[in-house]
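Chain IDs A, B, C and D follow the sequence of writing; residue 1 opens each chain.
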């Protein structure tokens, strides 16, 4: 699909917002302002933005623990998102969810998940529901290469194909599940090969190439919307940061990290846009600046937001 | 592999013992002598006997809920087995396990399982243990087509390949998981195709052809014993009886059942042995008679065996 | 009034709710043509078709998650786990997802679903098809847990569960399926969290669940002849629990025997004992709080062993007698 | 004596047992180079190599089953589930297989394995990484459940668990990992089923588990200044339970407060209340049995909410004060 200037700018802005958000997250954490852990997707921005760029606003996504990028790409309010990251009362989840559980139900983001593979069975059911409501909406379900080894993956693929749900399963293969190297047992091609056996049309992409990601996911989205059932896209990418704050990067080399940094999805996209005369260098810098400014104001918003009242602790466990 | 006369007779005897055992089981149930349910493998005898014929006595099997045939093929004492089926004190499991949980640990039968897919993760661990003990033993792990849809299957295949365990996974695809037709989502070829993606050498056989089953499993056993890791064999077969006693056969036609009965694995093997001049018709009838007589004396043994003493209820929960 | 079986009551509740609300659907293993392992959904495929009766392959985790996901966007699924023993495979989605999504998302969503499953022993199905795990789910905030003992309660509680905006674990007992009782034809609700006094009495209180209610009733008849007048309280919903009814009954009788089928240690009887022992009923207790529950064994196959593994009418009688004579 | 941390005590127990017995091995996610999510097995890969430190992909069910299977043929595996929340994924193999294989097979086999897992909140990891499910496993005959509160207990109980011929669920508390205490260098066993009186006192008994022992000790110091002399009993093993020590303590003090982190409803505190209320200690009770436990919520992310969701020192003090003044 051809890329409009407007869209190109939007995608670049979102990728920079993701990068800026996560850099800020890291800083806030280092400064002791954040209690808990977090999972950064720096280096994976094209997978999030490229995939979600294919959706209508009324469509859904469901994410995973490394979900900041997905949330931003789905159009989250950065203030509410940062506030949630800070555990504040006015965050998306009233401070109850935090980094690993941000959801924006009205915005069609059905939430991140702390259980690896936890979102996959949910996606099947959301797909069933979407078919029942017959409004032609589709769902993107994100998961990692690690999740592909879970029983949940297997059962979900079988059920998705059986019920022909309008879901595109997007595997963000960043080469590692914590320290477990996907090269040891499954590559993007292998994950896609599994998908084929389940009956899903399956593609492996260069996940750092936004255009390639978008085109592959778009095919899946069109198929789903047209009643053609589920498909699988595996985006080959890399996380620059450690798995989480407990990571000491013992299982990989600096050379490997540096090699992947050279494949920065943002720079790759900028280069493409420049060649295609969609975004000049000046414009790109302007966009970048705006992204960092947006995040800075989100930080200010979050830091000046109120803590939840402990008296409200038990609110929201049960629905009336 | 060529078949000796001695082995041919042994296999035919075992197949007839299985058939006779299960016919007796059914009769005892109908006569109200058995409390509970049971799963008959009539029609699947070649899969059990052909597969297990490849093992040394010191090798292991682990079975599933439809496990009478496997137990007999592994050389169980028919009396103790029938006694267990009757829930008697001197049965293999002291009457605690019954039809669905017969095990003969000394005989290398690590037990049937009431949970579909329950034996698959166990098999991985047994394989790990076998590698650690380094006595060159191998394990056959049996499961059904229904088990192939469980998350346990996926995780077990991945782990089996990762640790290169000396295990042959044998899927007894009898076309249905209860009422769920495997044709709807997975055929023997598809299950084998999954196996290939996991990295296991995988074969689909005519599971009613003992020779074909034996040859396929033998390759897996040789590979496992030689340190070549796990493999998968899918035996295409059919159960003549309902799933269990609650089955009303609503999900399949009489024509289908009759068509499969024409592919009786026992008659197929008899025909083969006759052609190959291994077993004459007279000898075959003699063998059959012996099998039924063996089962009849097992029945007498079981029926005259004592009930467990309820005072022993709590014995055996914990090991000293 | 018309009498139907417990099984029919469950089926009728599902059927009526599906007729009323197009968002309600069933998902589970062999629930279509087969009619479910216990025939609970028999015939429903003909009425509702494959769009609303979703037969699954063997995927306890997957199907429970599918129900949860559908509920998350507004459907009202009823999932069936064929035997409660297999909720072990489903519990991640039930406990980590269904129970928590609402709270974790700060109240943005609801998860209106029911997970039905048969528990209990007595069918000779042995260790893997006989367990009672209700207290596992009672232990999980975000879930509700219902456990009916009669056809009437089964229908009313299931309708309430389907209409409830939260995930409800609905536990049926296999041996109750064929028991009969009066059940109105029209739909009705029994509020979740309302206990029922199944028998009034003054000497001692038996708190029992599921099939133990029936057994306690039989025991009570015999105890009555011995001059021991038993009150039987059936919580019906284990979470939320109707503490008030329980406490009042104990205050009245001064003695309490808790009876359930699940293994005693770590079971729901402990929770009941805890609730009573910390309540104002404590001061009224004239004897220790007794529990009679499943023995500390997996459920064995042999009929006599199986019977011995869970409380029987004679055990209840004996324990109640003992309690009647006890003094602090 | 030498002081080491709880985490080091766990690692030392595993290391010493692996040196002693070649059948012992570790299996779990990221336990090799990564050293485990909490660095418990850090450095062990260097000593024992990949043959005995089995790093798995994300396969909770698979790896728990693998441990069970290996145990079934005589190995002595130690499986790690990275967070207790994920035992939901493993429970089929743990509860239906590991716990039952021996009984189901009429005693033909043993399953000598340990499943280690960290429980508890306080790290800001929110709903899916903070739960305490000990009572689920206490409810399962065939399993043993250990839950140490000090480095000394951690080492001794873990060594006993590894040497035990049954499956043991060994529950560590994340916030205890860095706490220090005296621990002998040589291997030693603490028998499974032996409670420990962590503090002697005469006014009331606190029965606490895991981190609540530590919090109760802090509370007791302060209460002592108010003239309330608290006895603290740490069961250490929840199944089998040392009922005798508990009952004797309650007989002595006449008052009991049960404290645990897991959600109150359906939790182990109920079991303890039940055990006490049915025992001879009942007649010695001078006040209701109080329970202080986790609130009826999933563990939230925000630090203050998270703190409020489980008992803190001040809550224990308040509750104990209340109990001290209570009379039947």
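Rule of thumb we're sticking to: a contact is a pair of C-beta atoms (placed from the backbone, for glycine too) under 8 Å apart; a residue touches a chain by one contact, two chains touch by 3 or more.
Keep in mind the model is a prediction, meaning the values are calculated, not measured.
What is the set of chains touching both chain A and chain D?
In this structure, the chains that contact chain D and also chain A are B, C.
Farthest chain from chain D, going by the mean of C-alpha atoms per chain?
B
What whole-Å value do you get for the distance between chain B and chain C if each is reduced to the mean of its CA atoms?
36
Between chain A and chain B, tell me the centre distance in angstrom, where each centre is the average of that chain's C-alpha atoms.
Spacing between the chain centres: roughly 46 Å.
What whole-number Å value describes the gap between the mean CA coordinates of chain C and chain D?
Computed from C-alpha means, the inter-chain centre distance equals 29 Å.
With chain centres defined as C-alpha means, what is the inter-centre distance between chain A and chain C in Å?
Distance between chain centres: 40 Å.
Residues of chain C that contact two or more other chains, please.
Counting only residues that touch two or more other chains, chain C contributes 56-57, 59, 61-62, 85-86, 89, 92, 96, 103-104, 126-128, 141-142, 295-298, 300.
Multi-chain contacts only, two chains or more: what residues does chain A have there?
Within chain A, residues 93, 95-97, 101, 113-115, 118, 149-152, 155, 158, 162, 185, 317 contact more than one other chain.
For the protein chains shown, what form does their contact graph take: line, ring, star, complete or other?
If you draw each chain as a dot and join those that touch, every dot ends up joined to every other.
Once bound in the complex, which stretches of chain B touch chain D?
For this pair, the touching residues of chain B are 60, 62, 91-97, 101, 103-106, 110-111, 113-115, 118, 120-130, 132-133, 151-152, 155-156, 158-159, 162-163, 315-320.
For chain C, which residues are in contact with chain B within the complex?
29-30, 32-35, 37-39, 55-59, 61-62, 85-86, 89, 123-129, 295-298, 300-309
Would you pull the chain C residues touching chain D in the complex into a rising list?
61, 85-86, 88-89, 91-92, 95-96, 99-100, 103-104, 126-128, 133, 135-142, 239, 241, 258, 262-263, 265-279, 282-283, 285, 287-291, 295-298, 300, 328
Which residues of chain A touch chain B in their complex?
The contact residues of chain A facing chain B are 149-155, 158, 161-162, 184-186, 190, 193-194, 197, 199.
Applying the document's contact rule, which stretches of chain D touch chain B when the two form their complex?
22-23, 25, 27, 51, 54, 56-57, 59, 61-75, 77, 92-93, 96-97, 101-112, 141-142, 144, 165-166
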